[in-house]
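Letters A, B, C, D, E and F name the chains as they come in the text, with residue numbers starting at 1 for each one.
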Amino acid sequence: MIDAGNTAWLITATALVLFMTLPGLALFYGGLVRAENLLSVLMQCFAIACLVSVAWLAGAYSLAFNAGGPLIGDLGKVLLIGVPRDAVAPGTTLPESVFFMFQMTFAIITPALIVGAFVERMRFSAVMLFSLLWLLLVYVPVAHWVWGGGWLAAMGVRDFAGGLVVHLTAGVTALVLAILLGPRLGFPDDVRPPHAPWMTLAGGCMLWVGWFGFNAGSALTAGADAGMAMTVTHISAATATLVWIVIEWMKFGKPSVVGAVTGAIAGLASITPASGYVGPGAAVVIGIAGGTVCYFMVGVIKRRFRIDDSLDVFAVHGVGGATGVALTAVFMDAALGGVGFPEGGSMSGQASIQLIGIGATLLWSLVVSFVIAKVVQAVTGLRVSAETEEQGLDVRLHGERAYNM
Amino acid sequence: MKYIIAVIQPHRLEAIREALAGIGVQGLTVSEVRGFGRQKGQTEIYRGAEYVMQYVPKVKLEIAVDDAIADAVVEAVGAAARTGRIGDGKVFVLDLEGAMRVRTGEMGADAL
Amino acid sequence: MIDAGNTAWLITATALVLFMTLPGLALFYGGLVRAENLLSVLMQCFAIACLVSVAWLAGAYSLAFNAGGPLIGDLGKVLLIGVPRDAVAPGTTLPESVFFMFQMTFAIITPALIVGAFVERMRFSAVMLFSLLWLLLVYVPVAHWVWGGGWLAAMGVRDFAGGLVVHLTAGVTALVLAILLGPRLGFPDDVRPPHAPWMTLAGGCMLWVGWFGFNAGSALTAGADAGMAMTVTHISAATATLVWIVIEWMKFGKPSVVGAVTGAIAGLASITPASGYVGPGAAVVIGIAGGTVCYFMVGVIKRRFRIDDSLDVFAVHGVGGATGVALTAVFMDAALGGVGFPEGGSMSGQASIQLIGIGATLLWSLVVSFVIAKVVQAVTGLRVSAETEEQGLDVRLHGERAYNM
Amino acid sequence: MIDAGNTAWLITATALVLFMTLPGLALFYGGLVRAENLLSVLMQCFAIACLVSVAWLAGAYSLAFNAGGPLIGDLGKVLLIGVPRDAVAPGTTLPESVFFMFQMTFAIITPALIVGAFVERMRFSAVMLFSLLWLLLVYVPVAHWVWGGGWLAAMGVRDFAGGLVVHLTAGVTALVLAILLGPRLGFPDDVRPPHAPWMTLAGGCMLWVGWFGFNAGSALTAGADAGMAMTVTHISAATATLVWIVIEWMKFGKPSVVGAVTGAIAGLASITPASGYVGPGAAVVIGIAGGTVCYFMVGVIKRRFRIDDSLDVFAVHGVGGATGVALTAVFMDAALGGVGFPEGGSMSGQASIQLIGIGATLLWSLVVSFVIAKVVQAVTGLRVSAETEEQGLDVRLHGERAYNM
Amino acid sequence: MKYIIAVIQPHRLEAIREALAGIGVQGLTVSEVRGFGRQKGQTEIYRGAEYVMQYVPKVKLEIAVDDAIADAVVEAVGAAARTGRIGDGKVFVLDLEGAMRVRTGEMGADAL
Amino acid sequence: MKYIIAVIQPHRLEAIREALAGIGVQGLTVSEVRGFGRQKGQTEIYRGAEYVMQYVPKVKLEIAVDDAIADAVVEAVGAAARTGRIGDGKVFVLDLEGAMRVRTGEMGADAL
């Protein structure tokens, strides 16, 4: 039976998660690139959102969430045909149309997150083709494993709002693409600084607010679970931000806006998988852990390994998400203010399940996104010409300039 | 006539304009430029990566003046622009062969 | 009796629809004009919102929605006097204050949409006077006809969220004003390109997200109808965006951000009247139809007829809205996944009703807005001086500049 | 017992109020400063939000809202320890986690409002330290007095959403800091105009929309009270905006965007304390009163007294809030469309209670924030060097520039 | 050769460029500048406080030309820039000793 | 002394600066300009309407140098700026009568 209160919250949560991508993530990323590439980033996020939406209706939703086996769902709900207008989503008090849309917004933001790895140099056609294949071959299966009744779910893995499904898949793929594409011209010494940190902060704030829909919405009800998910989400973000500020203050004497907002995102990504299972105290610890680990991983990837994962998708989302998935096994312990382990479960037992989840997701994302990238390379080519890269993608690929003053 | 070009610290602009008004300079043209020289730019740090700004924001003044007051103008600009810190800037003097006030078509010194 | 769930959703929907205008539409339009006119556009949207709000309380709401005859309501609820704090809106489970506010946000955005026709050249006093008269003489009557129990409602016209009441009235009026005002100096060859496409995209995203409140809110409940309305709204927007991208890619080899977001708006306007009556499959078709038709209408109005409807209000909203109203007659057919025709209704029957609705709205908007424009011209004059137009309205009319760097 | 509808609305309201600060207020303030100080303002708002959030969990919430005496609460809910996941907030139908978060967003925006007083010249370390102490020593006690069952509540003071707790405390403190810090270099004749009025409008719109969560959320239910609170909030904002536009039009012949949006904020601050107790007619009067009084107070403070309360926090929030608190005593009268006075109450009686509330809040904020400022001055120093002030805080304190074009 | 610098009203730019094309000028360089002179700037008012803009937005043209057409260029710019209102701007003529087209290395008048 | 003005392709700036450092140029002033010449601007298309950008973004360098190295500087700039494509830009040489370092008041070549 449909509950109006829960439905009211989930419709709102859906709007909030869409808002995370459009315009939240688009502006967050857009502020970090050169002014000559701003529109290309916005365009990638916007077009990916549209492409995924249509694909979601055309079958992706059905493959991820409709019955099927341990590995993949079936095609029973292609185009939502056969789903009556007032159908109730199985196991919820929501109209299926709302559940369909809520899940769609997750499927939209995940490939959009990957944009951060290849900004300023990837062909638009390649972005479109890659994102579509990636949705079907990486996102959909992993979503089915974890949330669609697949093998990881059966095993009891805990990923409340997408540490595995969203952040780890995106993060790993980002690393693969960054390596295959190669660095931007001039990387690492001669790349231009973020052209509009103010825009990055504005987008980051929208991500934060929208994240309430992401995590608290994942409760699928408007009650205590949603309330606590919102609470731990916010606390983790705030804590990780302070961590990042403190580190920069100590290291450089100058805490930065870009750093602070990056810390917030790290804290949000880290708490995401845990947000339905842990308490406020744990949120502080997870925020500290996520903030610290992500901070140092940025340096490791960019400066130690010299991989131009341009906007640090792996270091922030991949690492943060995995950290959260692992720590969930610890802090879901009732003794630590969590919801407690399932009947007969234990911390060590849950920990190994969580690690299997991380390993499987990591491996699958790595291999499949590598293969997809190679295919796309063969079909459209991955990278724009050096001249286009110099002049900027906006004018060359989209015939526009972001600023015509 | 002389065509005087001065590259200065942005925050000295008002002081200089007042100084020039004092000695009868009626007009000038200002533009934002970036300077490279002994003074080094600020370092910006984004996500742990340092960006040394090679260039320092400066303001460029262009002042066309009658020969009679050219030296006084150079003096005045120098005095008003000086803070004693590296990066105070330069004043350059070029010869100006002709000038016209568009509105009236006046030529030469009358145009200034 | 008031239902908390439905009320929760409608309060949220009201906030979302207000967000569409402030700042969504303001930024969407603002990015498309010269930097020297940005503030004038923001000011017009902002001031119109305030003026309409007060007028709505002062009597417009009552005239549109309180009893009355087939043509217009009565003055029984002027200032909401006599409406107790806890009054329930007739035929709903909502407090009347919420219904009053929700409808107000529609009355706000409709005249604000018209701004796109006269940007960069209309006097501010004329904008204010025109908008006020237009609200009372065009919006209020049409709203009453369609939603307030007027003659079109009685006839059985279907306009779920405002294809007639919002988009067609605004679109037709835009055309009238564009013709009476005349084109901007330099139109068509010497007008300046959009000064901030990034801002247009940001505003467009806010419009999209807010549109969930617009269409799904129009269900007035938080249930399956709202869920499906949200779904078809999103699908139509995504489809129309892809259509626009594909057309530009084929024609120019360069899909643009401004094009993509314009496509989204076209898809949203087109689905608006249908959003409560059709299914997801229909949304794809409506998105394709709306996207394509609007794309070509932009060229017809601007380049064929050389009418400077500067931001294409008629081509996108007028045409899109009318297209959706017409297609509603087709896709509400239960056989096509719709809600089905009313007792004894048929597609042809519904089609003629819908066409009568389009004709009546078009004619009324055309004639009355022409008369209002003439009156305003006599009272305040319509257009700024050439010198003001050259220098930009911001400094001359508002004593400000949008960018003081 | 938890009600899903009310919870759905309050979770949404929490997101809306957070959105007011991040990014609403940050952008509203950011647009009013020099381009070289934009990031410092965003950073102050963002970092304050994080610091307050952690402090709120660490004890501030408990001290403000948990039992205790007439002056201050107790420490029973530090870290929310001992609060079960599904605890219901006393006297509500909401999960305590939601009430905790909703109140947190108020505690976040209040110190963030004060930022407007000291922009472009205060040390970042001083901002952090001051905000933390101020939260604990000013905000928490006053919140307890008025909303936490303290002495003002016992006395029957009416402050629905924070005329005293939020706007008056912030406004008075702003004045104290502005005086102690001294004016910006070049004030009043040589300060630079707002660098991005468009940004101020965008942020102001977000504040307006978010304010629905602020005032209508304070009903703690999704019903007629929330609906009417939303209505009067919107009407007051719209009216005050028109007042400001008319005044500027008459005085300068040029109504400005910055003026219009400032008027809106004045109207919103003024209606805040009254929003749960008055009707729409009263909202018009309060909007006119708030708009007019605040307009002239800006001049009095800035030009008559030459106090550089840079972004007019006292004139707009302090004065507006106090005006609203006072007028509440008038317009809560049932005869004037209000909820009526409590058993045995009267207008004069309520008026004196309201005035005591204003006096006590004003005095406490004044004295305590003066002391805190002196302490902070001793510990970190309050003001940056003249050279830093000239070059701008962004590069010098945060190592960034807002615009790298 | 001459190096001609013109400071003009922004909205006259296109007219001037067409006039110059008419007399065979192949290229020029444009920049945004702020002018100070007899023409006073607009007043902006924010929250009741007046800000008089000391500077007026202008456009600066730099045109290197052969001596032969120098006077014609000054004439043409003047004519096309003139509106008769204060602030129409100035035209300055400097001597140009050398010029090079980077692409080809051509020197002197051929480089223009 | 000479006052050298170069209009170049923006992305060549760093290469040129390094080349100049190589031959002992200590400072220079940079500004963003728009160029009009043989090279045509990009076309932008908004909602089906084409906007041909008449102007191409360029960077302008101003370099005051001692006569001794003037030719070398022109050479160096030319070499570093050259890509062989239309739009590579120009180098102009004007005579510089006087120069002053604001900070010290030094005059002439010492000021550079």
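One rule holds in what follows: contacts are C-beta pairs under 8 Å (C-beta built on N, C-alpha and C of every residue); 3 or more make two chains touch, one makes a residue touch a chain.
Everything numeric in this text was worked out from a predicted model, so none of it was measured.
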Review point. Along touching chains only, what is the step distance from subunit E to subunit F?
Key: 1
Revision key, fill the gap. In contact with subunit A as well as subunit C, sorted by label, we have D, F
Check your understanding: If we look at subunit B and subunit D, which chains touch each of them?
Key -> A, E
Review point. Is the contact between copies subunit A and subunit D built from the same residues on both sides or from different ones, judged by whether over half of the numbers are shared?
Key: different
Study note, to complete from the structure: Of D-E and A-F, the pair with more C-beta contacts is D-E
Review point. Quick one: subunit B and subunit E, Cα centre-to-centre, how many Å?
Key: 18
Check your understanding: Just how far, in Å, is the C-alpha centre of subunit E from the one of subunit C?
Key -> 45
Check your understanding: Where the centres are mean C-alpha positions, what is the separation of subunit A from subunit E, in Å?
Key -> 52
Revision key, fill the gap. Residues of subunit A that touch two or more other chains sit at 3-6, 8-9, 12, 192-194, 197, 222, 252, 254, 256, 258, 399-401, 403
Point to revise | Numbers and ranges of subunit F residues touching at least 2 other chains | key: 31, 44-46, 94-95
Exercise for review: By the touch definition up top, name every chain pair that qualifies.
Suggested key: A-B, A-C, A-D, A-F, B-D, B-E, B-F, C-D, C-E, C-F, D-E, E-F
Study note, to complete from the structure: Within the complex, subunit C is touched by subunit D residues 3-6, 8-9, 12, 16, 35, 192-198, 201-202, 205-206, 208-209, 212-213, 216, 221-228, 230-231, 234-235, 237-239, 241-242, 245, 252, 254-258, 260-261, 264, 279-281, 284, 337, 339, 403
**Study point:** subunit F partner contacts - residues on subunit B that touch it in the complex
**Key:** 2, 5-8, 31-38, 54-55, 58, 60, 74, 77-78, 81-95
Revision key, fill the gap. Interface with subunit C, subunit A side, in the complex: residues 2-9, 11-12, 14-15, 18-19, 22-23, 26-27, 30, 38-39, 42-43, 46-47, 49-51, 53-54, 57, 79-81, 85-87, 94-98, 100-101, 104, 124, 222, 397-405
Revision key, fill the gap. Subunit F contacts subunit C in the complex at 44-49, 51
Check your understanding: In the complex formed with subunit E, which residues of subunit D make contact?
Key -> 188, 193-194, 197, 248, 251-252, 254, 256, 258-259, 262, 295, 298-299, 302-303, 312
